[in-house]
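For reference, the structures are reproduced in the following blocks.
You will see two complexes here that share chain A, one where it goes with chain B and one where it goes with chain C.
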Partner chain A sequence: MVAFKLAFRNLFGAGLRTWLNVSVLSFAFVVIIFYNGYLDGWNKQAYIDTKDWEIGNGQLWHPTYDPYDHYSLQDAHAPVSGNIQKLISSDQLTPVLITQATIFPQGRMQNILLKGISPAQQIIKIPSKSLDTAGSIIPAVIGKRMAFAAKLKKGDNVLLRWRDKNGTFDAKEIQVVDVFSSNVSTIDNGNIWIPISQLQQMTGFENEATLFVVDKTYTAGNIDLWIYKDTHFLLKEIDDIIESKKAGSVLIYGLLLIIALLAIFDTQVLSIFRRQKEIGTYIALGMTRWKVIWIFTIEGSAHSILAILLGSLYGIPILGYLQIKGIPLPKTMDSYGITIGDRIFPSFSIGLILSTILLVVISATIVSYFPTRRISKLNPTDALKGKIS
Partner chain B sequence: MENRSLISISNLSKRFKVGNGEFLALKNINLSIAEGEFTGLVGPSGSGKTTLLNIIGSLDIPSDGTAEVLGKSISTLSHKQAAMLRNLNIGFIFQTYNLLPVYTVFENVEFALLLQKKTFAERKIAVMEALDWVGLTDKVKSKPSQLSGGECQRVAIARAMVKRPQIVLADEPSANLDAKNSHHIVQTMKRLNKELKTTFIFATHDEKVMQYLDRIISLKDGEIEKDEFVNHAKNE
Partner chain C sequence: MKISLVLVITLLSFNLLGQSAIKVLEKVDKNMSSKNRILESTMTINGKRNSRIVVSKSWAEGTKKSFTEYLSPASEKGTKMLKLEGQLWIYSPSTDRTIQISGNMLRQSVMGSDLSYEDMMDDRKLQDLYMEKLIDREIIEGRNTWVIQLTAKVENVAYHSQKMWVDTARYVPLKQELYAKSGQLLKKMEFKDIKNAQGRWFPYTTTYKDMLKDGKGTEFKITSILFDQSIPEYIFTKAALKQ
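Right, the complex of A and B next:
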């Protein structure tokens, strides 16, 4: 108690120097929370969007299916068994058939992934309902990125060429019946969605699928030859991206934190050097050296308490505003192929805030303690003389 | 004079390392100080007054011989035991006052008691009483920077006295004060010596202080040159 009172008195007494240290540390404190909250918010949003638009509550993969190897698609399909048919009927999962194809927009050639989906499915947000048309032309829905890249818009026709199961080329016009807007680029860039029954007919893979997207109600795991991939597995890519972004941001705020800690360290070294007489007086009044070390450590460490208070003072309104309004992102971010919205709503969790407080307090305490250790070797009679040793 | 010996020093020497050699600051000191004495160590600069006072105050240890203070041998005390002895039984007064600048007068005096884990009520009574002894009850809220030198030294006396120690060690308490203030603070200490039976030991070469002393121990080059009790009826 004596130590805390003395610490704050001394800090306030030191005036400008204290506030300089405290300001820098508070800035590091707020920036750490901001960056991590921003990335956590992004992560959360990407999870939700990817689940909503692409992976549902997991997928059942054909054993040879490899999303990174388009040549695997030739073999990565199998008939829908009776078991699975039942699950489709009860809306627990929906089949997707994937094949490679080419489109020729305005005479250019572009390789795409042709994905067959059931117009009736409601497990993912792809507007497959729009595919439920009666016309003779094959309906297709595409995302806004695809539409931009191929210069296609709603109502446009485009020539599609594909191979059937025997390897024979065939070509037909398809019509864009809907353009959707999604944050998930992997179901958008280079993807064209058509009714699965039509794709099965076109390729001759009657009643076959490459994978199934499952609903929350699905609990069976692996079924027949199909391998269950849970959301944890399917979201790993996002985790990796966020992880690497977090590592990158450590550099930025780590530097800030180090500057702040160096300033405190320097202040500590200086005050022990300057305040030898005071140290001698404490000892003469009956304090042990360890008690004096404790007092000086608390004093340095108290910078962190003031920094957290000051940081809260401006951090709460700023970060609170950003949490409600979101952080707008530059358009260019989209082309990285990362799942990201126009705005990121940062997520400042209690865990994040508490761990940042802990980080700041503990690191400030450590740098405050180190310079004080020389007090234990200080001779009180020399200290009282204010002798510089 | 009381005959109970508070401090007894025998064959004490103190050597300091100076460069490669040694400097003998105190040579074969034999001394006994009884309860209630108002004693001064006097002598020219460098004669060893502060060194002896520091050993009595357990801030330093003898190189040879023994110093027993309140029955405890200074050389054998651990850091913690020495701190305890100072905290409970010894008050210090310094030439430069050594008040904590960030604390008020009240808090400076209270500080000694905080280390003793006294309750606030106990502390408050004791602090106000100590400030009353030195006539500073109207300055409780002032900071040391707002006080005169004499007032600062009176706060330091209150700080030393507030825990009612058996021994107060005062190293050149008047060196930074003018004549009027010097007389004032020594008179204050003399009064406390009479009323509370506190033993005072000074290190001084100030004539104004010496005239109040009951016993004058003269040091020269680290040796006791003269040790005499003074009988004076003046200055009361």
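Right, the complex of A and C next:
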């Protein structure tokens, strides 16, 4: 307790020097929390949006389906078996049929993925209900990115060309009946959604599907030839992006932290040099060398406690504001092909805050300890005379 | 009685027209095909903003074997293409690699033109794929033509139906339209600059136009053609691609 009292008394006594160190360290502390909270918020948002809009609680894939190889789509489909049909009837999963096609908006050619979905499905948020229309023209829903790229809006007609199961061309007009707004670009960019029954009829893949999106009640795993892909697998891409971003961020706040720690280290070296007589007096009065090291180490690491307090003083209102209002992102981020919203709402968990506090305190303690090791070799008589070796 | 007579005459004439269509196609086939040919050509690919001209030299034997070497522009120079019994290989000098174009890749455009590899590859006879019917007579640029309607009789064809305008005197197609199942016109070909080459009428200029997109299409111009030449067998081997 004496060590703490002494430490804080000395720190406050040092005046501006202490506050400069504390300010830099507090800034590093706030930046670490902000950046990690920003990435965690993005991650959380991406998880929720991707589950809501694309993957549900997992997917059942045809064995040859590869979302990164559009050429695989030609063979990646199979008839819906009786077992699967029962699950569809009980709303545990919904089929999606995917094929390649081309649209010709304003005389331009644009390759797209034509996806068939049941208008009655409620597992993912695609507004498939809008596809439940009566009429000769094929209804289609598209995302805002697709609408922007193809210069299409609700009510527009566009010519669609596709091939049936034998490779024979067919072409018809489709009508955009709805434009949805989603943060998940993979269901939007280059995608057109039409009723699955119509797509099955158009392609000749009667009662066939490429994949099924399952809901929370689905527990069966692999079924018939369909391979179950859980959310952990389907969200791996997002995890990888966030991991790489986090690795990059370590460099930014690591540098900041190093600068702050270097200042503490320098202060400690200076303190020991300037306070030799004080150190000699402590030892002469009967304090063990390790007790003196402890006092000086505590003094150094007390910077981190003050930094945390100062950081909290201005960090809580700033970060709290950002958490509520979100951080706006430039519009170009939309076209990067990653799941990201217009705004990112940072997520500052207790775990993040505690781990950052520990990081700052432990690293400050370590850098405070190293210069004090010289005390253990100190001769008290020389120290009292001001002769440090 | 009169109605029956008209019906019989109509049915007979339809039958005769049907037979004529086959004969016309056979004569077109006879005129257009040869044992082999060597041709030099330019392909003008008209884009929205600019045009590209690709010069090539081809050796072909029947409809199953062909070898093409691209001579210009510099970016395509040295690229070679070998079509052999339904398979297609492309050699790229920049990577010094030969790749086989198969499956869905055949549906890609040839060097950004309005032609797909698949269009180039389909060497089956029209009579084997389509039911033909002579439906009309028209005059195109002062030439009398028969209009033949072709409707697919097999499933694995890219175009469900076609319309072909054949010069009645020279048995050369002057125009061809390719349709989707729905009846939507997809592609149009126009054959011009018909010349007599070694005793046969042959179109020296062909324009391919994808009717669903804007642009002037792709123009294929033959600068020289030689029929029934002696072509060494090694030309139609994969080894020739790297030479």
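One rule holds for everything that comes next: the second predicted complex is superposed on the first by the 388 of 389 C-alpha atoms of A that agree within 3 Å, B and C clash if a C-alpha of one lies under 4 Å from a C-alpha of the other, contacts with A are read in each partner's own complex, and residues count from 1 in each chain.
The rule is simple: a residue touches a chain if its C-beta (ideal position, glycine included) is under 8 Å from a C-beta of that chain, and two chains touch if they have at least 3 such contacts.
Every value quoted in this text rests on a predicted model; they were computed, and no experiment measured them.
Of the two partner chains, neither chain B nor chain C is touched by A:L352. In the superposition on chain A, contact of A:L20 is made with neither chain B nor chain C.
In the superposition on chain A, A:F104 contacts chain C only, with no contact to chain B. Contacts of A:K277 after superposition on the shared chain: chain B is touched, whereas chain C is not.
Legend: residue contacts after superposition of the two complexes on their common chain; A:A149 is shown touching neither chain B nor chain C. Touch criterion met: A:N10 reaches chain B, while chain C stays clear of it.
In the overlay built on the shared chain, the residue A:I227 is in contact with neither chain B nor chain C.
On the side of chain B, the complex with chain A involves touching residues 50, 54, 57, 59-60, 79-80, 83-88, 92, 94, 96, 98, 100-103, 111-112, 114-115, 159. Across the complex, chain C meets chain A through its residues 103-105, 107, 152, 155-160, 180-182, 184, 186, 210, 212-215. Contacts from chain A toward chain B in the complex involve residues 1-2, 6, 9-10, 12-13, 277-278, 280-281, 283-289, 291, 379-381, 384.
By the touch criterion given at the top, residues 70-71, 74, 100, 102, 104, 106-109, 159, 161, 163-164, 166-172 of chain A touch chain C in their complex.
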